[in-house]
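Read from first to last, the chains carry the letters A, B, C, D and E; within each, the first residue is number 1.
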Amino acid sequence: MSETELVSRPAPPSIWHMYRAMVGVGIVCGLLIVTAFQVTRPIIERNKAEALQKAIFHVLPNASTSATYRLDESGGFLVLEGKGVGAELVYAGYDDNHELMGLAVEAQGMGYQDVIGVIYGYSFAEEAIIGIQVLESKETPGLGDKIESDPEFLENFERLDVSLRDDLSEMANPIVPVRHGEKTHPWEVDGITGATISSVAIADILNRSAQYWMPRIRSHLSDFQGDFQGEE
Amino acid sequence: MPSESLWTIFINASLVNNFVLAYFLGICPFLGVSSKLETATRMGGAVTFVMLVSSVCAFGIQLLLVAIDAPYLKLISFIAVIASTVQLVEMFIKKVSPALFRALGIFLPLITTNCAILGLALFQTNKGYSFVQCIVYALGAGAGVTRARVLMAGLREKLELAEVPDVTKGTAMALMIAGLLSVTFMGFGGLGG
Amino acid sequence: MAATSKSSTDEFIKGLWKENPVFVQVLGMCPVLAVSNTAMNALAMGLATAFVLIMSNIAVSSLRNFIPKQVRIATYILIIATFVTVVDYVIQAVSLDLYKALGAFISLIVVNCLILGRAEAFASKNTVARSVMDGLGMGIGFAFALFCLGAVREILGSGSLFGAQLFHDAFQDWVVMILPSGGFFTLAAWLLLFNWLEQRKERKAKSDEATTLALGKEAV
Amino acid sequence: MAKPGKTLEIRTSPHILSGYSVDTIMFNVVLALLPITAFAVFAFGLAGLLTLSMALASCVLTEHLICRASGKPTTIGDWSVTITGLLYGLTLPPSLPLWMVAVGGVICVAMGKAMFGGLGYNTFNPALVGRAVLQAAFPVALTTWIPSFGAGRFSSLPSSTLTLPFTEPTVDAITSATPLALWKFSQEATATGDLALGFTSGSVGETSSVLILLGGIYLIARNMMNWRIPVSIFGAVAVLSGALHLMDPARYASPVLMLFSGGLMLGAMFMATDMVGSPMTSRGCYLYGALIGLVTVVIRTWGGLPEGVMYAILLGNAVTAHLDRWTRLTVFGTRGKEAAT
Amino acid sequence: MRPMRLLGLKTFRHGVHPPESKDETSGLAIRQFPFAPLLIVPLVQHMGAPSLPVVEEGQEVHRGQQIARADGFMSVSMHAPASGLVRRIALAPSISGRMVPAVYLEPFPGSTQEIEEGTPCPLDTASPDEIIAAIQDAGVVGLGGAAFPTHVKLKIPEGKFVDTLIINGVECEPFLTTDHRVMLEQSGDIFMGIRYLLKVTGAQKVIIAVEANKPDAAAHLREAFPGDLDGSVEVLPVKYPQGAEKMLFSALLGREVPSGGLPLDIHALCCNVATAAQIGHLLPRGQGIQERVITVTGPAVKRKGNYRIPIGTPLRFLLEHVGVEEDVNRVFLGGPMMGAAVSSLEISITKGTSGVTAFTDSAAERTHSQVYPCIRCSYCVDACPIFLNPSLLGMLAANEEFSTMAEEHNLMDCFECGSCSFVCPSHIPLVQHFRAAKDAVRKAKAGAA
């Protein structure tokens, strides 16, 4: 405004005016932000928890309750209390009779375009991966994103063998990707024609994650059998 | 902690997920000023530099915010820090190297509103990169922005002499070229894998 | 000041069409291109931006005499960042899926040159009422443009609109439309259309003028 | 005696011309492409013929209509759009639905050429623009291949060819992987003889390396093609893939496979050499070729796609302006001066 | 820098290969041309100030008599091409389209046309300055086409020196065989001229450059080469514009004339072979130039040949005498690469005219008249002997960015050899663009100064 300019030229506004403006606006803004945060926080957290629970139940089809465990420094698993910042988490799923059905584990790795994040379900009974859901992916639509939808590909994960050697030190067979139609072993992942990179990426992500988790989980199986009842 | 190797981060930020051509960050200056090669290169250099500095700052802020458990201040503190970083960098360069200031100076204020900088800070926090990863990410992103700008500048300089139809002149043409460049860069998909 | 009421309607109208922030001024390209891959995302983004725009216009115009010139940009950014943070949390609360789809681009509304531009060029110099109208016009214009883009991209790219399947199952998706390059191409196509319309109008105006001139001469 | 000089025509010197004209050059490129086209039809039968015809027709028609719409005389007479149409057709998978072929043809000419101002200003190779956008739009259809020399190729069509417009093609039972895909995804090397003669699957016109080479040599002999570009592309590819192959023959493909497979031959000979998109100086051409070769090898070896020639050439087109600038010749008599300043 | 070689022969980089079209006249000996009923001798036949007439209307003159004197150093004398009557001294059309002062001379029909001799300038006794004055008095200019006063070129400023004299017998322009015949028929005059030139310039060495398509001339000169002269006859490959001064220096000596500089800067001097022959012929006799050898050729000419033609012969008389096709519509002074098209046949032959070529439409090489956009084929870049980028310059010219052309892309170094236009498949009139651009730049500079 030209008027302000005329006034301000000879006598610039005092420091006090500037502080007043900045601090005033700052306080109001701060109040606004904190209010919004406080109002929305419970809703957001509920949403997130629901989404996670949905994913866990998706990859562990028979589970109806779940509990979150964290990997302890000792190598054992403890029920998570409070926030799990920085901790390595697994989710245990229980059926209606509070029987442990399996674990859901998050894993991620590089895909064709960007990081792919998945959650997969591990069944103790079958010693196999029994379900998978892609949480995060920017794979090419119509091609790479078939890893989320292609029924033939998803069939791989209805029972993907991740059994361990007898000494529980490592996996008996690594998960390996093969070309479409050439799957002969239960630990092989049948690829998608035309989306080789993405399907190979999934197999690699699962393999790496399983190699890390399976020996740890199997050797502390009892940690999950506690009398804790998962939340609905 | 993401396990991506530094090389993967760099290739992804600069080629596969180019900030300009795949994330559309910093599009306004990309379309607006890059018709002279020299300007494009210098501007790219300035952006990379500021990216590097603000990436480091953002990393620090994120640590602080986690420590005091105030995630709601993320955006406001990032933008404040970036704005003041640009100011500081400008003053610093002016003091230390007047020559460099003459080369970069006029671009620095423009960078404040360059979404690529804020985007970088937000992405690196979302991805939870470590300090070194952040630096490599910033360098990769800066290289990608510079490369996109330089290519665009060359193409536009060439087109200045062409008999472009009236309808396609200007922004529409620049967008088409950007689209073609984006298609071209798709060829690099999977390199980071 | 008699013309105020009339001109405030004008402030509203201009943003919709004549000074449309996307198609005419080509501002705020980043979100326009990044989240317009589906109509839903585009509309949500557009409305979020419109909300921030209107709110910041209100705040800036009502504080315009309170904020000294020297610190105005910093204050504006502070105000805008606040509203963006609020929007960010609201969207998270409303729908996590939408929040995931829009990603960091909600936060990036802060650096949308449209908002800071309106605050600086308009709201800081005008009354609250006029600023609201300006914000409404620009915001809705922006959202409308985003929707135009998103609709085209979703219809061609996924064969649906707002997630509802439009065509027969066998429809071949034009994947490129949902890819980044598709964003560039679609916006370029819209701009071409606008250029073409504009040029046709100009030509017509010119020929009309010529005819009037010619007629005038004949009459003389 | 006649009285000469009644109608003297004034022009500035020179008064004679070399005899080459844009249309003669373009026509010769078409000639050089004919054997490849013929082989393509022979190898892929009706599917090849229909794909090529549709590609050609859509490109030529688009050019004609755009010229008409903008009120200019039609430019299809200069043969350049014929080249675009042929090259574009030759890069397509033979079983591609014809409606996609037509869409791509329109993109080639409208987006790759007319938008930039027509012949001479089409910074990116129009055929590749069409091909690249098409691949981005329909990634599955553009990476589905049928084997060459199929038994009933002259009597029947792949079911996908006649797919209704805008609908998804049904994938044929008999698909076949290209030599590069075979190597990339299962480390199978194809026999060199098959590669050279074109008994492999692949795009309509990229399979017969021998015919492509012959066409290129014809143009080079007539000075209608810059030999430096294909030579440096081949050189870069051979050196890079050779070095990699020596390090680990099991992981990295042999230079022979690299050179004779995929679109490298066709791209290097006929698309990278497109005069409009390639540098003007000799040194620029060497760098341009080296860049294309390098990017091709990088994408093929480490990227997600088995083939990268198309992207490499488009990238080359994009940096041409810079290469021309960096490799500007030192003007006669300014050598010392530049050193002084 | 070492000179570039092609098949063992020294040459320059780039250049083009236009059809030579010399076979029809290269074997024809020089013949004397008859006098036209009226000779029109322009007083501006050279670069520099017009000569001042020293005769009056109605005055009788002898063949060889001085009819105009030099006006200052940048000017030369003019001599009567025939014994006859000065009809008038008035304006006459010239090739540039401007009217220039000229002496209208009507030869006496019955005259024996003997040439008047003046004071000789003996090689042994005359000082360099005296020789330079004699050359100016003899009216000698560069006969290769530029018509630059030869004595000006020979005047070497203080502090400069010349080590090599190059005699240019390349004649790279298609159709022309003037120099070829002069070398075959006037080698004595040539070597005499060389002796004068060596004495004036102080050069130790002389190189006679001949293109490979004139092996008889090269062999003849080698045979006739005097044993006491330090030098050689060099055969150069057939390539256009091999005969341009700068190209010759770069081919023979491996030296580049600096941009905007002179041959003297690289201690070399170049002189056309016909000029040397004229000097060698005229100076010992004390005569001035009143006629010169000209190739009259081209598809439209019936009796092609190399003629010794009196200066001032009107073009119309010349063409009528040799006979031309009725539909002739292109006549050039010089060859088709650098020659100028004439707009009227009323202009006359001058000292700078090395040839007259005439074409009919049907025989014209310019068959493709359609101009296409530049397709960046880079033929012109590979042709330009001074390494410009004609394609880029052409596009800049079309956008009228003349100052950019001059400042960033060395427009002013272009010497309009025509190689770029010759090879351009898009038929863009590049040279025409560059001439216009150069004019504009010069005007802008003059305006600024």
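Basically, a residue touches a chain if its C-beta (ideal position, glycine included) is under 8 Å from a C-beta of that chain, and two chains touch if they have at least 3 such contacts.
Small disclaimer: the values here were computed from a predicted structure and weren't measured.
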item: Starting at chain A, fewest touch steps before arriving at chain B; value: 1
item: Intersection of contact partners for chain C and chain E; value: B, D
item: Chain whose average C-alpha position is farthest from chain C's own; value: E
item: Chain nearest the global centroid, as defined over all protein CA atoms shown; value: D
item: Pair with more cross-chain C-beta pairs in contact, given D-E and A-C; value: D-E
item: Greatest separation from chain D - chain, by CA centre; value: E
item: Distance between the centres, which are taken as Cα means, of chain C and chain B, whole angstrom; value: 23
item: Chain centre separation (chain C, chain D; CA means) in Å; value: 40
item: Where chain A and chain E are represented by their mean Cα positions, the distance between them in whole Å; value: 86
item: Centre-to-centre distance between chain D and chain A (centres being mean Cα positions), rounded to whole Å; value: 45
item: Chain A: positions in contact with at least two other chains; value: 29, 33, 36-37, 112, 140, 142-143, 197
item: In chain B, residues with contacts to at least two other chains; value: 72, 76, 163, 168, 173, 176, 180, 183, 186, 189-190, 193
item: Two or more partner chains touched - positions in chain C; value: 74, 78, 81-82, 85, 89, 173, 175-176, 179, 181-182, 185
item: Pairs of chains, among all present, that meet the touch criterion; value: A-B, A-C, A-D, B-C, B-D, B-E, C-D, D-E
item: Interface residues, chain D side, partner chain B - complex; value: 70, 111, 114-118, 120-121, 123-124, 129, 132-133, 136, 295, 298-299, 302-305, 308, 310-312, 314-315, 318-322, 325
item: Chain B residues within the chain A interface of the complex; value: 2-4, 8, 12, 16-17, 66, 72-73, 76, 127, 189-190, 192-193
item: In the complex with chain D, residue positions of chain B that touch it; value: 37, 150-151, 154-155, 157-159, 162-165, 168, 173, 176-177, 180-181, 183-191, 193
item: Contact set on chain D toward chain C in their complex; value: 100, 133, 136-139, 141, 164, 166-169
item: In the complex, chain A residues that touch chain C; value: 1, 4-5, 8, 12-13, 17-18, 20-22, 24-26, 29, 32-33, 36-37, 39-41, 43-44, 47-48, 51, 136, 140-143
